[in-house]
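Structures are listed in the sections that come next.
Next come two complexes built around subunit A: one with subunit B, the other with subunit C.
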Partner chain A sequence: MFRSTGLIARHSMALVFRERTVSFLTVLFMALVLVSAYLGWSATTTVNAIYQSAAAFLTSTHQPIPPNPVLNTSPLSLLRNMSTYVSLIGSLASIVIGFQLVAMDRKGGVVPLIGVRPMAGNAYALGKVFALVALVLGLVGAAACVSVMTFQILPEFRLDGTGWRHLTLFFGTSALYMGLFGLMGLASGAYAKSETVSLLIPVTLWLTVTFIFPQLTSNIHPTAALNPVKALVDPPHSSFFTYAELVLGPVSLADAYKVLSARLLEFLPPGHVIRSVVSPATTLVMATVFSIGLAIVSLRKMDMTKGDYDA
Partner chain B sequence: MISIDKLSKAYGAHVALHKLTLEIEAGEIFGFLGHNGAGKTTAIHMLTTLMKPSSGTARIAGHDIRADPISVRRAIGYVPENVRLYDTMTARENLTFFARLSGVGEVQECIEETLELLKCPELTDRLVGSFSKGQRQRIGLAQAILHRPDILFLDEPSSGLDPLGMKTLRELIVQLNEELGMTIFMNTHLIGEVVKVATSIGILSQGQLVFHDTIDAVRHNYGSDANLEDLYLSVTPVSQAVRVA
Partner chain C sequence: MLKRSSPIWIIATKDVADAMQDRFIIVVTAFLVAAALTALVTGAVALATDVMTYNDARTTLLALGKSADAIAAPEFYPLRLLRGAVEQTEIIGAVIAILVGYRAAASERGRKTLALIMTRPIQNRQFMVGKALGGLMLLAGGLAIVFVLTAITLQVVSGVGLTLTDLGRIAIIWASSVVYAYSFFLLSFMLAFWLKKLPTALLLSFSIWLLVVLVAPQIGDTLDPDNQVAGGVFKQLHILKTDQIRIMRGYASFETIREGIEAASLTKRFERLSFAVLGIKDTYVGKPLASVLKEKQGDALWLVLVVFVLQALLFSRPIDLNRLTQE
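Now for the complex of A and B:
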């Protein structure tokens, strides 16, 4: 079974690289990683430059010099925009990758040709899941390389051991978050009868999780959800938000990812309260396990007699 | 070689195939005739293990389709109606994938031999997306015989082909049967086509086998192609006059 699984995974990866939409979203995601690093560096150096000239002026006028605000922030917060790009473009790219991994077989009409090969029932499903995992890890790995290079190039932003550990965990969390949306794309690509519906299902789930749940649990206006700092403001102390977070917290994946990434990139506001009964890390792990199960069941139940989606 | 025992498939109240019982010997070219919707494709889907039967079973090259589907798949090749492959890949890339999935050892040698056999080596490194219907059909046939199966299932192989394409396909079917000794199970609704290559025929109507005999016996009993057409039309839908031989 492992040989067939490996074959399916390698073949699927080779095919997905030829898809223009996937290539476009991958390039866009990588460009945003670079932009994130640049914006973080630019904002910090601007503040630092202003501080230096203010400090020079204060010294010349014999006034006390306040501490440099740049030194009060973690160098990791340089990457705070990354959490937004992951939850927006990264997740969308993963959905498209997951969908394409199945859609290219269905649209190619080769599903029955694969179905008559001598391989175990799980080989196809596992091959697709492994291909998705490898592609998401590759994407996140490339983003991590850019971030590491940024820290190597800029001497004023040095990470200690804890910083490197947090950075690694941040990219691990990002891979988990993107992966679970990719798995939804995979499941939907296999389950839905129509191509349009199979893309709409995971995109609708993503929109709900990213923009609607945060509004209900944290009183965040949808556009504010794009701002990594505003998105972490505590909700009003009303019974509605208390109960909404209790109920929706365990499925509010974008909230869980934002809190976790803010904690790992060290820009979580002090005293931020999590009212959900399930911790953000548990929420993401549970959602990933559920998505893996959903993807495998959908792929196993896929009608192997048919090729294409319904018109 | 193919032993079908009361094979049935029902979708709720609709019975697509009703207790199909049939024996096909090794080396035969079996033409499975019937109108569109008669249940031919359902039968082929179950025999190729793509679909589970509602009841009954079949043995393909000695392996039960329910108990040992993987062994069945090793023994068969399948060409669906309207063959479609990965358009963004070359014929070689497509065939390499299917050969590896079928467990073929010397993949590249096998691909070259197969395309030589099918008289289309010039297609090897061209993108499948640029192929005509006939060329696509050949690569579709190639993917099915890469592992040299004992039995080849063809679902409406002449669908969409022009007269020359149909003639070439007939020649290829006979060649595969004679040179590689493959037993061929071919679904079609074109009686004129099937009598030119088949050694035996079965006629399916509304999910039931209503006629089965060797082509020699059919020719002896019914004579000309026109009479064969009359036979086909008389047994579809189910006629009381002719029953399973």
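Now for the complex of A and C:
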């Protein structure tokens, strides 16, 4: 079984690398990783420069000078925009990778051929899941390399041991978040009869958790949800939002990822309260376990005699 | 005026009938309605919380024999509650338009009905105009349902009757959202007829959507120094608005780049127009509609211009229906 699983995983990865859409989204994701590092650096230096101008102005008007807000921020917060890009382009790229891993076989007409081979029941499903995990880890690993290089290039942003540990955990969390959307793409690619529908199901779920749930749990408008700082504003003190977070917290994946990233990249505002019945980390782990199960069940139930989509 | 027997009208109405029959447009419109109403209701709950907090603070101050003037009463403008609904339309409305455009092309390519259509006495251009008209009708109808239901809910949750001017403002936003969504329809429709592989067209459309709708506004928003510090950098430094403007004069080129990135996004243009017309942005509260429209005509023109360019592109490159029927 292990041999078949490995073979399917390796072959699937080789095929995905040939897909232009996957390459395009990967390049886009990497470009945005670079943009996020630039934005963090640019915004931080601009705020610092504004502080210097404001301090000069306050001195000239004999007013007290408050502390520089930049000094209160961790060097890790330089990468705060990365969490937004992971939840936008990273998730979408993972959905496409997950979908393509199955769609290529279905459209290529190889599913019936695989179906007649002597293979253990779970080998195909596990091979696809392993391929997805390897591809997502590769994508996140490349993003991590860019971030590490950013910290090497900018000497004013030095990380200590805790900083490096937090950065590693942040990329681990990002891999988990992207992976679970990839698994949804994998499950949907295997389950749906239509190719378009198989892409739409995970995209709709992604839209719901990214833009609708944060509105219900924290009154975060869709555009504010894109700003890593604004997205962490406390919800109004109303029982509606308290109960909404309590109930939706365990499935509000974007909220969970947003809080975890902010905590790991050290820009979570002090006193930020989480009302969900389960912790953000548990939410992501539970969702990943569920998505793995869903992907394996969908792949195992896929009609191996037909394969191709209806339209 | 199109005749009922005109090929353009027949193709347009057939696409509308198809979308209604397989309930596609009903499902996606229901999703946008749910998103818009969620935004409206949560906005109303947040406002009600602000009012309650103000009333409690006012009662406490009066009980202590102090003046209630020290605290500012929350301002209530019903149309402001539409902010979330407008933002959901920006994002989900554009996705729906991409799907409608993709389906308009994919339905013919996937079902191999292009060959059949080619046997009929119909010009290439008539076919394309019919498809585009069908998409426009679907988007206009779907968004009309969204805005009508949102206006009714707004009336119910706010408890304030909407005036004719308010309804006129909502109608303007509906018209702008139709133009905005139609540009995404044209984009995916065009790509789905140009590119060899249909899913590639859909993914490319989504990637452009991601850049135009989410990434460009996000970069502009993030580069705003006031968004980099929780609560705002100037608020933390206790600097008044007039002094902020004076300090920011020293960062004119930075602001020009930031503004340029934001203004390049069609979504931001639609948002600026909508927020001004609905009075969501403070500076436009209480301003007569005519003066708001005059000030925001640049954003409105930008929306129309994008549609014009995309339509010109669509018709400038004749679609090789023969090639597509062979695939």
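In this section, the second predicted complex is superposed on the first by the 288 of 311 C-alpha atoms of A that agree within 3 Å, B and C clash if a C-alpha of one lies under 4 Å from a C-alpha of the other, contacts with A are read in each partner's own complex, and residues count from 1 in each chain.
Note that in this section a contact is a pair of C-beta atoms (placed from the backbone, for glycine too) under 8 Å apart; a residue touches a chain by one contact, two chains touch by 3 or more.
All figures in this text were calculated on a predicted structure; none of them were measured in a lab.
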item	value
A:T84 touches, of subunit B and subunit C: first, second, both or neither?	second
Partner chain in contact with A:Y51 - subunit B first, subunit C second, else both or neither	second
Touching partner for A:M30 - first (subunit B), second (subunit C), both, neither	neither
A:V133 touches, of subunit B and subunit C: first, second, both or neither?	neither
Touching partner for A:I114 - first (subunit B), second (subunit C), both, neither	first
Partner chain in contact with A:L7 - subunit B first, subunit C second, else both or neither	first
Subunit B versus subunit C, judged by how many residues of subunit A each one touches	C
Partner chain(s) touched by A:V278 [first = subunit B, second = subunit C, both, neither]	neither
Which superposed partner A:R18 touches (first subunit B, second subunit C, both, neither)	first
Subunit B versus subunit C as contact partner of A:V297, first or second or both or neither	neither
Touching both subunit B and subunit C, residues of subunit A	none
Sites on subunit C touched by subunit A in the complex	31, 34-35, 38-39, 42-43, 45-46, 48-50, 53, 83-84, 87-88, 90-92, 95, 99, 102-103, 106, 110-111, 198-200, 202-204, 206-207, 210-211, 214-215, 217-219, 221-223, 225, 227-230, 233-234, 236-239, 243, 246-248, 250-251, 254, 271
Contact set on subunit A toward subunit C in their complex	20-21, 24-25, 28, 32, 35, 39, 42-44, 46-47, 49-51, 53-54, 57-58, 63, 66, 69, 81, 84-85, 88-89, 92, 96, 103, 195-196, 199-200, 203-204, 207, 211-212, 215-216, 219, 221-223, 226-230, 232-233, 235-238, 240-241, 269, 311
Residue ranges of subunit B touching subunit A (in the complex, touch as defined)	45, 48-51, 70-71, 73-74, 76-78, 80, 82-89, 97-98, 100-103, 143
Subunit B partner contacts - residues on subunit A that touch it in the complex	4, 7-8, 11, 15, 18, 104, 108-110, 112-120, 304-305, 307-308
